[in-house]
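Same chain, two partners: chain A is paired with chain B first, then with chain C.
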Partner chain A sequence: MTSTQVSAQAPAPQASVARRRRRLSRFTRRDIIILAVLIGLPVLLDIALIWGTTLTSIGLSFTDYNGFSSPQLVGLHNYHEIVTIYEPFWRAVRNNLLWLATLGVFATPLGLLLAVLLDKRIRFTRVYQSIFYMPVVLSLAVVGFIAQLVYSRDYGALNSLLGRTADPIDFLGDPSINIWAILAAAAWRHVGYVMILYLAGLKSVDPALKEAATIDGANERQTFFRVIFPTLRPINIIVLVITVIEALRAFDIVYAVNSGRNGLELLSVLVTANIVGEASRIGFGSAIAVILLVTSLGFVIAYLTQILREDRR
Partner chain B sequence: MTQSTPDQPLRLASSTVSRRTVLRNTALGAGALAIPGVLAACGKDSGSSGNSKTVTFGSNYSDAIPKAGIAAVMDAYQKSSGVTVKINTQEHNSFQENISRYLKGNPDDVFSWFAGNRMKFFAAQGLAADISDVWSGLTGFSDALKKAATGDDGKQYFVPIYNYPWAVFYRPSVWQAKGWQPPKTLDELTALCKTIKGAGMDAFAFADKDGWPAMGTFDQINMRTNGYDFHISLMAGKESWTDPKVKQVFETWASLLPYHQQGANGRIWQDAANSVYQKKSAMMVCGSGQIAQSFQGADAADLDFFPYPMINTEFGQDAVEAPIDGFMISKKAKNLEAAKALIKFLASPDAENAYQSKDNGNIPTNSGASTSNFSAFQKKCQAYIAGAKQISQFMDRDTRPDFASQVMIPSLQSFINKPSDIDSLLKNIDAQAKSIFATDN
Partner chain C sequence: MTTTTSAAARDVIDRRRDATGKANRRPVRPARILLYIVLTIVALGWLAPLLLAVYASLRPYQETAKYGYMSLPHHLSFKYYSQAFSQGGMGKYFLNTLIITAPALVLTLFFASFVAFALARFKIPGRKFLLILFTAGNLLPPQVMVTPLYTLYTKIPLPYWLSESGTVYDSYLGVIAIHVAFQTGFCVFVLYNYMQTIPSELTEAAVVDGAGVWRQYWRVILPLARPALGALATLEFTWIYNDFLWALVFMSTGDKLPITSALNNLRGQFFTDYNLLAAGSVLVALPTLIVFFALQRQFVSGLTLGANKG
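So, the complex of A and B:
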């Protein structure tokens, strides 16, 4: 077999061979190698790091693996325990849903509102932008530390501001309110993130659309909801995806505050506490991870079907 | 997750978790979601493979005072032996939380750990090296201490450096000024609590944000109410948590909770200890080594304790909770001989003296260690432990780690939030205990 490289450059004797090969395949051997590497490597990594680990987790979730002895199959035992006697689980589910609802219903619209207001070229708009965007550059773990300084029962700034130094509110220790205190901190960060995304989107909206709407007699509200908002569809999708992801992967802020216990349970924390902690209940923790995976898949599938259906239209 | 060495008193913003810890744990957590097994293989690099002049030491002595103590010990060893000790310090709570992964990955040659069930658990998993040969040459340890260093298979895996008693600590100067006397019985304690509350102070400083400190109070009330044997049997999963005996413990505790500092689940124990120091709280159930860190310098003399009051005459104040801290060699030690030489030194009076030069809240376990510099407080601690009829370790050292961390921490926290709902709480603990203790290791 001759080198296709040579044949490509010097067509003389092997030209007919090369042409025949080219008819069979438009790729040279070098192309094939490059393609194999470029596609094969990510596929291998994908299989090893995503599919392999996911399937391992699913497999482990049906065992009593504790990291030491060889895993024994226990069927649905772990799942049964999680939903029946593992008390923190339902609190974690509730908190994840609250997280999603708060970010989706409260923080995201607020971010949009801020973006619309700041898009109006009011004075000092850059200053406001910077202020609202500031929390986004902080990691959620840092937001967690700031939250502790603000909310602490014994030395927190908020109790001083409220004048409740004699009978301070236990924002972080009281499990009926600490999730709201933490959600406020998480939302504070999320608002800035959403705002900057919408602000970028609004800047790219063609001003002619607005003018046309105004000429047609639309008032400002109609212009926004009927004309501007629909053109922001790509941004809306990004924001929606980010909101769902943030709600499901929330971890660091509650971990920084109290290791995600006592009212701040989240699914991600329970997975970590069971698998990574001294407990080493890997089978049990994997089962929680699978539940989190299935929940995430629900959102992913719903999202993809929506996208595909709209694209087909 | 464990009682033991604390942070240097943090008077303002207090968090025992550093950002780096969180990030590391987050990374570990993310990895754990993916694949637990792979992670075990990629621990941190501890270097020094096979170099007989270097030995690595994994330390959970992360707080300022204990850290200085360990540094003094290792300095003494380096000077006397010419061997370099590389100390890898991790934040105290996260060291414990990551211990399984650490030992299965790439652990240091020698590492700090705790006696009791918590040691036996990892020895039984084959993660610790047998050091029976080192023990045959050790002197100065009682049989009880040797037993606390012995695994289920009868071999030794641990050398102790110090222990410290759990009791009720208070400031004598405050109590004298107010005319309060250490209570001897539960009735006296309850009456005193009312008096203290009337004086505008919290009777008990209380914190359980980290989840483990409240275990100490449970241990005390349970051993006073039901005795040491029942307590240990309960910890071993051999008793039912719905037993009326256990219910009585929680009822007694619930009757005292109104006199505890409120908001315990949001407070770290360092802040609770400081409230005793600041004369805002009258007393605190904790370990001597912990609260002593809030009483440094001239204030050190103004710290005293009394045993938890008697609840049941049958058991009096017989049992003492005195956790033992010490060291183990990992199974994967790269330099076993050097590790054994180091651990032999760590069990010597010289090591204990070096440690005591920096941290004097604890009691050296080796009888050869110098007591000439002991304060009256240390002498009293030592006599208290020596006079014990039975010695417990601590809930998270006397029971399985998964039960302590995944069941008891959330359960005690919800008890503190809602002390009225004891029945359903115990039912839930019992169901989880039965499930966890049914699995073998």
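So, the complex of A and C:
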């Protein structure tokens, strides 16, 4: 590793001194102070604001804390209440699952398809690329507002396009269809994201692989699915994780549209509603947050194993 | 997957491919034409919502209320844009966003680049653990942190000149702190990988010249990491700028909200002029779109630097 090479070149103090001491002696007092402060500060910030609060949430989820009186342990009561009598919960779970399914089954493959098409050495690739990618840089809040222009019942563009100005569909107000309207907006943003990731991956595939497959008589489809796609494995995993995390984190769009009510319930919205709202049922809201956390944890671990495995290579 | 670690390397491949593409461009086949048609249709569909927002923002409410958004224009004006500034106070909210985004961005990149440098160059005890701590922290759902942070923020006192509420809650400091903590995770991970590709001989030479840790970082590593830092800066700018949640839960004074959260203020209490809202949305989207178009290459490589690390 780097540091041993460095210390080998630095004037060796004494051959008999332990390696560890020699390594430390490379640092002056000033060096050690700089390292301690500039690593310590961000680590402290991360532990206090991210990990500490996450662990506190887990603790609070077993209490009836309401922000004022001291918290009492109630065991699994919050969780029990959530899955049995808290009615919006299952609607939110359903919506989060729909979100995941739409991104996973529709938006992600579409992003891959666009990446494959744009990788075909076509003219104006950059133009197409920027157009597909543009929604990704927009704030989800902005996407939510634009969705209202498109879907509005009274003057919305979609009703005009469908020729239903006389008998307009209330895309955002009708709780049986509004989640689909929002999902289309979410997919609009997700496709570009996935496309860029795959496009970068496809560009890094050795062209010789493709040539070899063609020489062996594989057609374009076989080449892609049997040769190219398997080499994209690291990207597939990252796209999978991003898709899941986006689906679980979804918040801004529905919040911008109607604060996540009336058919647009999501787990993230329920957490915020219980904590920030007048209810101030912090213990209860934390329990929903913990459910969200546990669900995403499996994917976080999958992601970490993937990147650490690459690290070793 | 071994040659593409750096943006520079990918650019080289890019260019080489473009060159070969030009060299043996074949005659256009029907399948190609179909491909162009499909791509163009999808692209137009992709642009449509944005164009609709721009179009709606230029038309008076009475007109769209009467004829709908999909109608030919009678009057076009920038009236709503000036109204968004005069009545909606967009200027003030843009300034708020700047107050949050600029320090958060600088601090994130500074901390992340130093930590990444230290972890990549020295055998810091527990460095793998630290790397996991940062990377995984960035992937946790923010909602899990909201409550304890809220309570924590209301309990930490701040002098009055920093926060009118007397606590971290409702102060810019609190929002900046959580942005830095959250985003540093992602940046450490990306920069750590990038710095491992910088030949160690370069810092070794500096060590021989008697450079301490700070000089190795500031004079040797930081200039070399500039492409990665540029890429991350564009990406992080849009992420921090676009944030909605943190300001929403940690700020209570409406006048101090950043622009994305303040967009809601353009809604009237009883009546919402959607055309004004459209103008507001376009204004909010403008800075990120400008950054995106001006620095597209950095932006894209920033995103793929993290994911496609090769």
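Throughout what follows, the second predicted complex is superposed on the first by the 247 of 313 C-alpha atoms of A that agree within 3 Å, B and C clash if a C-alpha of one lies under 4 Å from a C-alpha of the other, contacts with A are read in each partner's own complex, and residues count from 1 in each chain.
The rule we apply is simple: a contact is a pair of C-beta atoms (placed from the backbone, for glycine too) under 8 Å apart; a residue touches a chain by one contact, two chains touch by 3 or more.
Keep in mind it's a predicted model, so treat the numbers as computed, not measured.
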| item | value |
| --- | --- |
| Which superposed partner A:286 touches (first chain B, second chain C, both, neither) | both |
| Contacts of A:201 with chain B and chain C, given as first, second, both or neither | second |
| Chain B versus chain C as contact partner of A:272, first or second or both or neither | both |
| Residue contacts with chain A in the superposition, chain B compared against chain C | C |
| Chain B versus chain C as contact partner of A:165, first or second or both or neither | second |
| Touching partner for A:52 - first (chain B), second (chain C), both, neither | both |
| First, second, both or neither for A:60, with chain B first and chain C second | both |
| Chain B versus chain C as contact partner of A:261, first or second or both or neither | first |
| Contacts of A:141 with chain B and chain C, given as first, second, both or neither | both |
| Shared contact residues on chain A - chain B and chain C | 49, 52-54, 56-57, 60, 67, 139, 141-142, 145, 148-149, 152, 154-155, 251-252, 255-256, 268, 271-272, 275-276, 282, 285-286, 289, 292 |
| Complex contacts: residues of chain C adjacent to chain A | 1, 3-4, 10, 13-14, 17, 21, 32, 35-36, 38-39, 42-43, 46-47, 49-50, 52-53, 56, 64-65, 68-71, 111-112, 114-115, 118, 120-124, 128, 130, 132-137, 139-152, 177-178, 180-182, 184-185, 188-189, 193, 200, 203-204, 207-208, 212-214, 238, 241-242, 244-245, 248-249, 260-261, 263-264, 274, 277-278, 280-281, 284-285, 288-289, 291-293, 296, 299-300, 303-304, 307-310 |
| Residues on chain A engaged by chain C in the complex (per definition of touch) | 1-3, 5-6, 9-10, 23, 26-28, 30-31, 34-35, 38-39, 41-43, 45-54, 56-57, 60, 67, 114, 117-118, 120-122, 127-128, 130-135, 137-142, 145-150, 152, 154-157, 159-161, 165, 185, 188, 192-193, 196-197, 200-201, 203-204, 231, 234-235, 238-239, 241-242, 245, 248-249, 251-252, 255-256, 267-268, 271-272, 275-276, 282, 285-286, 289-290, 292-293, 296, 299-300, 303-304, 307-308, 310-311 |
| Complex interface listing, chain A residues touching chain B | 49, 52-54, 56-57, 60, 64-69, 81, 84-88, 139, 141-142, 144-145, 148-149, 152-155, 168, 170-175, 178, 251-252, 255-256, 258-259, 261-263, 268, 271-282, 285-286, 289, 292 |
| Chain A partner contacts - residues on chain B that touch it in the complex | 1, 12-13, 15, 17, 19, 22-23, 25-26, 28-29, 32-38, 40, 96-101, 104, 125-127, 209-211, 262-267, 271, 401-402, 405-406, 409-411, 413-414, 417, 428, 431-432, 435, 439-441 |
